[in-house]
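Next come two complexes built around subunit A: one with subunit B, the other with subunit C.
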Partner chain A sequence: GLKTLHLGSCVITTNLQGIRSGFSEIRDSVQAKDEIIDVRILRKTQSLQGTKPADQCCLLHHILRLYLDRVFKNYQPPDHHIFRKVSRLANSLLTIKKDLRLCHAHMSCPCGEEAKEKYSQILSHFEELPPQAVVVKALGELDILLQWMEEA
Partner chain B sequence: HITEDTSDLLQHVKFQSSNFENILTWDGRPESAPDTVYSVQYKTYGEEEWLEKEGCQRITQKSCNLTMETSNLTELYYARVTATDGAGRSATKMTNRFSSLQHTSIKPPDVTCIPKVRSIQMIVHPTYTPIRAQNGHQLTLENIFQDLLYHLKLRINHTYQMHLEGKQREFEFVGLTPDTEFLGTIMICIPNLFKESTPYMCRVKTLPDRTWT
Partner chain C sequence: DGVAVLPAPQNLSVQSTNMKHVLTWSPVTVPEEIVHYSVEYQGEYESLYTSHIWIPSIWCSPTQRPECDITEDITATVSYSLRVRATLGSLTSTWSTLKHRFNQNSTILTPPGMEITMDGFHLLIKLEDLGPHFEFFVSYWRREPGAKEHIKVVRPGVLPVYLETVEPGAAYCVKARTFVKAIGRHSAFSPTECVKVQGEALPL
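On to the complex of A and B.
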């Protein structure tokens, strides 16, 4: 069913279960392609649930923009099945991002220092890695992002 | 320089997890020599170091309990096995990325079914896991999965079943015929992660009605 995400004063509903189901079908094969297992992009110290509520919307909004602009756009799926699944995931995250932009428009998605600091840390982890490797790793870490949203 | 293919020494290295009991298992060669030994290492995803699992170094059995080493629910893990045969040939294989939250299967609940004259009461007992909270308390499945609920069915006859569902632990099927046998099945459901336990089943007979009519 639908889950309501309370991100400070921004409240959205999303089909987290459906997104999780879609990802679980490709998780093992996507993660198996990530050979750099000593590095993690989405780390506990920058988790959404560990962020103060007022900054959660902004942090998630920036993470989703990173995924949509620099992960899904550059991901080269090995086969058509994965391509279809990844496209559906991208569309689902795009829907969430649009909802967050509405919150932004209604001044309920402020970007405080904590959100900026955590996002810049995530970005630096992201940019430390080679382009194609980081895309595969970030996609493989979608279960971490979904868990963050689940627990937010 | 010809490298020898040793992949036959070791296959299917994977975690088997139920109720957060995380066991690493693998297969060796079907006719693997008894002198083949196995050593296990594990690591947290995102960290550099592989750690040796004490008690699973140069063992001959094909499983190793990594429950305590993989008990942090917010972490993801890898494990790997190195097999070495008597001729000194060796092979190493790694698991997929493992998350006990996502991968653990759920065992049937423990239930007490109590027959009465015109009803059957079902009391579901908490399921404790090896996972401990920071204060040391053992966590139950209910503590870990916020959306956990119980799904109960009572077969009345070939065509009719009663259903109950909820997060509470005490349920009662009412309006039953005295002195009649019923089959109850109780499952744990965790919708968010698409988990469902195999059912606990109890066959119960309602008590005879001794009231004078």
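On to the complex of A and C.
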């Protein structure tokens, strides 16, 4: 059924299975275009699981904002099929981000030092790479982000 | 052909039942001509982050009929903008946009059709196939005072479903409702159906 994400005191439910199935339809073709294979943006050292629960909501909120502001927005889909699938992902992740914003409004999504530090590391990994290449890589790394959420 | 400007389609509306969504509009008629239509959509993400971008509907860009099954275009539980324009040869109308954005969580959920059958002393239920979005909550009990009500969750595609081994002479009742996890809503229960098992009740 629906997946319940426990992110410290922020608890949300989401159709993660639906998002995962949407992503799996484009994963191979997106990842095949990732030319930078020896670098990762989302690394184990900044994972949700390795973050203390109180900071997990804030970290995920910032990562989703990065994806919505700078990945989906700048991704150039090769065809309408991929375009529709990416739109589905973007709108689904937007739904999660809106839920996290509700937690923020209810003071259950604090941003501690750990969340800030880990997000800034992720951002620096992101900004070290060429603009168009990093968008393709980040989209391919949704695999990792979805796994982090599935384990939350 | 005497048509300087092609009028834009009017009266756009969406009918949505059991997660099937159909966009309709008033046809644009030009005597002895076939008018085509193109449908495009924007999810909430596109509206907020890339408002200049519209996505062609998977089935209706173009189409000849004044309606469009947008079920496969609506893929997230967010609000969607929809627009339609008419085309006739080189003539193209302006876009008409649906007045109120559509969200699939407003779909009408109807109680599921069901069929109760017996296979020997096995009580079975066959449920209406409503597609991959739907799970079914089946509630069944033996019709006698103080009987316990049992609930069984049935996933899509698993039909018919075994409910219980019944006893001769007893009566059993069943009702069902749907649940759509993508929108977190369920339908009303179907009317209760009861069946009487053949044979003599077993001595106590």
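The rule is short, and it goes like this: the second predicted complex is superposed on the first by the 152 of 152 C-alpha atoms of A that agree within 3 Å, B and C clash if a C-alpha of one lies under 4 Å from a C-alpha of the other, contacts with A are read in each partner's own complex, and residues count from 1 in each chain.
Basically, contacts are C-beta pairs under 8 Å (C-beta built on N, C-alpha and C of every residue); 3 or more make two chains touch, one makes a residue touch a chain.
Please read all numbers here as calculations on a predicted model, not as lab measurements.
Superimposing the complexes on subunit A yields a three-chain arrangement in which subunit B and subunit C fit side by side. Of the two partner chains placed by superposition, A:132 touches none, neither subunit B nor subunit C. When both complexes are overlaid on chain A, the residue A:94 reaches subunit C alone and has no touch with subunit B.
In the overlay built on the shared chain, the residue A:124 is in contact with neither subunit B nor subunit C.
Once chain A of one complex is fitted onto chain A of the other, the partner contacts of A:72 are limited to subunit C, with no touch recorded for subunit B. Of the two partner chains placed by the overlay, only subunit B lies in contact with A:20; subunit C stays clear of it. Once the two complexes are laid over each other on the shared chain, residue contacts for A:140 go to subunit B alone; subunit C is not touched.
Annotation: superposed on chain A, subunit B and subunit C show a minimal Cα-Cα gap of 5 Å. According to the touch criterion, the shared surface of subunit A, contacted by subunit B in one complex and subunit C in the other, consists of residues 1. The touching residues of subunit C, counted against subunit A in their complex, run 43-46, 48-50, 55-56, 58, 73, 75-78, 135, 181-182, 184. Of all residues in subunit A, only 1, 3, 16-17, 20-21, 24, 27-28, 31-32, 34, 37-40, 43-44, 47, 140, 143-144, 147, 150 touch subunit B in the complex they form. Considering their complex, residues 1-2, 13, 15, 18, 22, 68-69, 72-73, 80, 83-84, 87-88, 90-92, 94-95 of subunit A touch subunit C. Those residues of subunit B whose C-beta lies close enough to touch subunit A in the complex are 43, 45-48, 74, 76, 78, 96-97, 99, 101-102, 191-194.
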